[in-house]
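Below are two complexes that have subunit A in common, paired first with subunit B and then with subunit C.
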Partner chain A sequence: MNPGTSITEVLEILTFRSGFNTTVVIGGTALLGLAAGVVGVFALLRKRSLLADAVSHATLPGIAIAFLTAGLLGMEPRSLPVLLLGAAISGLAGTGAIHLIVHHSRLREDAAIGIVLSVFFGLGIVLLSYIQSEAATGSAGLNAFIYGQAATMRTADVLLMGAIAAVSIALPAVLHKELALVCFNADFARVDGWPVARLDLVIVALIVLVTVAGLQAVGLLMVVALLIIPPAAARFWTERLWVLLVLSGFVGAASGYAGAAISAAFPNRPAGAVIVLTAGFFFAVSMFAAPRRGIAAALIRRARLRLRIVCDHVVEAMHDAGVDELARTDFADLIGNLGWSPRLVAPVRLVLAQQRLARPRPGGGLSLTEAGRARGRRVSRNHALWTRYLITHADIAPSHVDWSVDQVEHALSAELIARLEADLAANPAARPEPRAAKKASA
Partner chain B sequence: MSPVLHASRTKQASLAERSEHSEHNPLSVHAVTVAYHRKPVIWDVDFDIEPGRLVAIVGPNGAGKSTLVKACLGLVPRAAGQVEFWGGSYATSRSRVGYVPQRESVDWDFPVSALDVVCMGRYRKIGWCRPVSRSHKRAATACLDRVGLADLAHRQISQLSGGQQQRVFLARALAQEADLYFMDEPFAGVDAATERAIVAVLRELRDEGKSVLVVHHDLQTVRTYFDDIVMLNMRVVATGPVNEVFTNENLHKTYGGRLTLLSEAAEAVARAGAGAP
Partner chain C sequence: MNFSVALDLFPLLSGLLAATTCALLGNFLVLRKLSLMGDAISHSVLPGLVAAFVLAGSRNSGVMFLGAAAAGVFTAVLVEIIKKLGRVEPGAAMGVAFSVLFALGVLLIEQFARQVDLDADCVLHGQLEGLVWYGHPETWRDAFTPQSLAGVPREIWTQLGMLAGAALFVGVLFKELRIAAFDAGLATALGINASAMHFALMVVVAAATVASFEAVGSILVIAMLICPAATARLLTDRLATQVWLSLAAAVLSTVAGYTGASAIPALFNLPAVSAAGSMTVASGVLLVVAIVAAPRYGVIARVLHRRSLARRVLIDDLLGVLFRQREAGEPESSIQELAAAMPGRAVPEAVTLATQAGLVSRAGARVALTEPGIERGVDIIRRHRLWEHYLVERAGFRPDHVHDPAEVLEHLETSPPEGPVADPHGREIPSPPASS
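== the complex of A and B ==
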């Protein structure tokens, strides 16, 4: 695609050796990602992530008005601090408008966000087109705030990013206990005497700060991604708040760093989009591969549970039939009769052996161990108890029982079993006959 | 949200001057009305809680039980009426009040452990910006122990059962070390072990001279668990000691035609043994 770029050049960019300007841009976007990652955690936990999208779109009219006002006052209209100040003011005005709509109508926050986002953005577009037709001089740069233009970052901008990153880390570091309380349980916090509205305002102010900071590099259309994606990706890997904050900051910084570097190595790739795509890559990897919360882990868990259920059914059926040994064909028949796929024959045999419930025998058969017989006894009793429980207590027609039994008998807690046994001892009339309600399928 | 209903009377003098209220009482509720969007939810509610009593609020769905608790705590705006704690305002007595919200009111998939949640009950003692010290963690662990969850202190809260989550909320309220507790449906959908643990804690609190106001839905257990009762259906139908006011007549007034349905359900539950789903 770009024959001019060699591996060496990419390495030079990634290690900050490819010239001052590139280094400045990469450093700036990495700091931005760090700040957004930390602040985004609280936006995510307070379920206010979409607020960032409204804020970013609401900044556009502020940028245009700041440009016009600075021009009228005879100042340099393209000065970044002036434009960002205008952006911050109109971003805050946007959150104020959302607050007004939610509290003075019956609309919910999602509708209010949609209204404010589109109306403010529309106003911004109208103002921008007016600026471009009226005052052609020096207005060219304003469009860059929509898609972002990281390459225009200067040293002063990076210092600004550094300051914003410092604030976005310092405030949550000092207030993380209070902010977490409000995010988890605002009503309890209010009863306990904490100023919930003001703590919410801290979160909103941090969101506005990071959003405005990201306008130059990532653009208002995509800056919301930096607030949402890093915490969402980091959440897959941890159940601890401070780990989540560190990881999310890291994912954000890594996205900013790698995205800007990749875009520097391949000219004409807009940095903002590449940064967001990099963050999206981190998210996709996390969602698939994270232990416990990831998709792969969930699939493995489900497969294991399913195998365990089949194994339990096998030892139960053998217990009920009073057999200790099965030849290969009988074993396959049993799996089929229980309604499971023949593909499960080999894995089930393996798992039974692994759990020492059965010993494999030459020729593909198996024989139960002492542990296997005990397990079969227990599962059979659970099954009978549960069947009886459903019939006597839940008023379920006996013909409907078997289906639900097969799903839940593995979930019975020891406590529930103890209660059922006491119940049965108290009502001997309701004593179950093992397998009495089982359909004649097995 | 703006309440449009007007109270028939709003007296700003301290409630303790009125003969039916006393400044020794942890809670005095006087003529409280709450409305959502012009529709009254609770109307002219009046009752007191005495020290060292376990008090149930019962009433049908939509009777305003939770709203009453939230109105006392200032979580929903009152259209009219006064609420006093030990004869003073809520702001001055806050540190003596504990709260157990409904379990479903929070997202349990939150990255904290059971112990972290209980520590939240210590936050107001810890104060702004300061970390949770070891002694506060010990106090929180002791509270978890009182509800039988010391072993699960470091378990992430989404991995707890519903009953265990309810006990974590109870432990957090204990960590507040209050003298008056508000509990919103603590027995809703819990297992038998949790129900036993909660009842044991309630009795301990009463023995320590504390009072607890519990939103309750299970009429079967009112007599065994509680001393006083507030029977609510938008208005207070009856209030007082359980053995005096928990009568068939008052139940019919509170539940109206729905009571027959309810008592049938209650009998079915009794037949089925404790804790049937």
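== the complex of A and C ==
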């Protein structure tokens, strides 16, 4: 914490009450984040995320050339529109170079992106080192484009950035349907007569626009994060495009807002880095906690499935052995014989009781309910049907079948069951051995 | 330019060491579509560097190397986690991982700015020009005295060790790396742990990145991981050859870039520019030359190949037409008749080419097949009719739909399967010429 900044000051900045310029910068950066979030969605869906990395690095020589040209023509060399125009032109040239490399050599897109990224940036460094050695012109302003300097932006600069960002939100809004088509099924779009190449060019142009808009606030090394991270984070939460666009735009805007505000409040927190880390925080939370695609959800799903399988195996084994009641030690032995960890004993007993498949008995044992016996019958029957199916329809040797059955026993369609049942009735000899007996003997 | 042992030797040597180390490893990255892993790792070593710097409190420390290498390996692991557990598309996963880590590094640098004598710029550009040989020897004989060696910058020793390490890694595990690069599934089936190879490669790439960037900057590292290997890939299909060629490309672009950095601006009376940047550009220029002029995969080679193929097809089609008219009892045809039989084709050019090749003879406007021309014509027509037979009998085409596809197939180098003596239209399939 910077001791010079009080809590009230931070609150003033966060709530847009700390002077016109700061407010404009924060608002502009949030708008930039929104635009990047929206455009990034199309880049992500088109599997072009890293193209943005090449574009942003490729802007450097353009900035340097624009600076030199403006100086030669007697214009103010640090005029932002001129520099951004140069950046846009060389960013587009970079994507053109990638296109040429991919289509006219045997190198693949990942190599092409790396080549353009490093060679263009290297050229930029060469030009910058030249500019720096010409002390008369001075180049302090150009380094800001590499790391970004949101806090020192002037109102006019922010308005330019905001205008570019607004255009890059408006364009996908107009072309929403076409871009969605290209993103989800480019081949279909091509067959259907849509100009896929031109629509791809629109996506590339949008990437260039957002990159150029973000150069001054975020810097060219980190603007790529604004295009990649918000859509990747939003993707965890939804399968619908418009929800994805809204969420991604929100994550981008929130990151831009937080980054600009925090860097205005604390002088040694560069806006670009804070913006990226805020977006990264959203990504981490999404990856862990998203309801369907998140890691936590996947872990819970897997644990549930495992419990269900153990419960099914227990009632099946009891059904096959013809027992209704088990004492605590017998129950633990059964779980062990079935090949499961003894840690599962208590949870399985709990789940069986919860689903009213078994009644817990004092002392840790359990006895099957009517529902439990019925479930055991069904699982045992499914086991037999699967065994039959795998031997007759999937060409698996009878000696290898039981292992496979355990994997698939828990997903079976009604139609298949009917066919297999008829099959089994015709050939009862194909019944598998009862589960507990076989495991115990193994 | 005037080569100065004190000022030029180590910058050039350092560039050469970095370029060869990276090019060597880059071969496997380019093959495995991991080109951008070098980019990702070289961005994300930044937080490791700063953390190690703050913990160790000094710059001349192996701790810094370890910290950066650990961050590099962490990046590779993080990318895998995001890819596998989050099911995020590989490119995006890489982008998320390295940009967040890089941002963390930038923030840490600002945070510890007073303690850390390090800025992101030097990570990016390197300090090649700073590698001066203090107390350099006057003659080559003195070069290996303890006094001279003491003046050798630490970076050079680190880089020498790294090159040896990378060469050892590739030399010992060449077979395993090759199988894992071309067919990870086969590698696993053969008992080679492909994912262990992947992480081993990532560890070595991370170490190489760290060992190199301090001197040459991360941009040159990224370029040298990709450009020389990509250049070599355009020149050969054999991995061992590709590795040697990539080393040659790395050396060439380093020397050209270093020389050019001062020599080219000097032509215009300008001061020298960044050597690392100039080497990067040189590696790019070399790659462009390879893309355009590579003997087999270059743009020029492919244009020429396509042109000679087009000429062969044109001549063969002319011979086919002449042979069919000969079958119909017309041993000679006029140019006009031929033009009518081959609409839209360059008949005069075809006749000129075939005459030059001795396949047809011209008398005024009349064109006739020569002996070799008849032989080749038999071959074309035989292929055409055998393909027609194949299309009807095996591929289920209707007899009136097979002529056009057979017109294409007859030019393939693959021979059609043998067939009966008559084609689906009842025409005779001529026997192969006696000579073949």
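Everything below uses one rule, namely that the second predicted complex is superposed on the first by the 411 of 442 C-alpha atoms of A that agree within 3 Å, B and C clash if a C-alpha of one lies under 4 Å from a C-alpha of the other, contacts with A are read in each partner's own complex, and residues count from 1 in each chain.
Operating definition for what follows: contacts are C-beta pairs under 8 Å (C-beta built on N, C-alpha and C of every residue); 3 or more make two chains touch, one makes a residue touch a chain.
Given the structure is predicted, the values throughout are model-derived calculations rather than measurements.
For the composite obtained by superposing both complexes on subunit A, the positions of subunit B and subunit C are in clash. Taking subunit A as the reference, the larger set of touched residues comes from C, when subunit B and subunit C are compared.
When both complexes are overlaid on chain A, the residue A:175 reaches subunit B alone and has no touch with subunit C. Of the two partner chains placed by superposition, subunit B and subunit C are both touched by A:235. Of the two partner chains placed around the shared chain by superposition, neither subunit B nor subunit C is touched by A:212.
Legend: residue contacts after superposition of the two complexes on their common chain; A:352 is shown touching neither subunit B nor subunit C. Touch criterion met: A:115 reaches subunit C, while subunit B stays clear of it. When the shared chain is aligned, no partner comes close enough to touch A:310: not subunit B, not subunit C. In the overlay built on the shared chain, the residue A:106 is in contact with subunit B and with subunit C.
In the three-chain model built by superposing on chain A, subunit B overlaps with subunit C at stretch 404-412, while the rest of 116-124, 242-250, 278-286 or 404-412 show no clash.
47, 106, 235 are the residues of subunit A that lie in the contact sets of both subunit B and subunit C, per the superposition on chain A.
For subunit B in complex with subunit A, the residues that touch the partner chain are 1, 37, 70, 73-75, 94-95, 97, 99, 101, 105-107, 110-113, 116-117, 120, 123-124, 126, 128-132, 156, 158, 172, 176, 182, 191-193, 272-273, 275-277. Residues 44, 47-50, 52-53, 101, 104-108, 110-111, 113-115, 117-119, 121-130, 133-134, 143, 146-147, 221-222, 224-225, 228-229, 231-232, 235-236, 268-270, 272-277, 279-280, 283, 287, 293, 295, 298 of subunit A touch subunit C in their complex.
Across the interface of their complex, subunit B is touched by residues 45, 47, 103, 106, 174-175, 177-178, 180-181, 183-185, 187-188, 190-194, 235, 238-241, 243-244, 392-394, 415, 419, 423 of subunit A. Interface of subunit C with subunit A (complex): residues 30, 33-36, 38-39, 43, 82, 85-89, 91-96, 99-100, 102-104, 106-107, 110-111, 113, 120-121, 124-125, 217, 219-220, 222-223, 225-227, 230, 233-234, 261, 265, 270-274, 276-281, 283-284, 287, 291, 297, 299.
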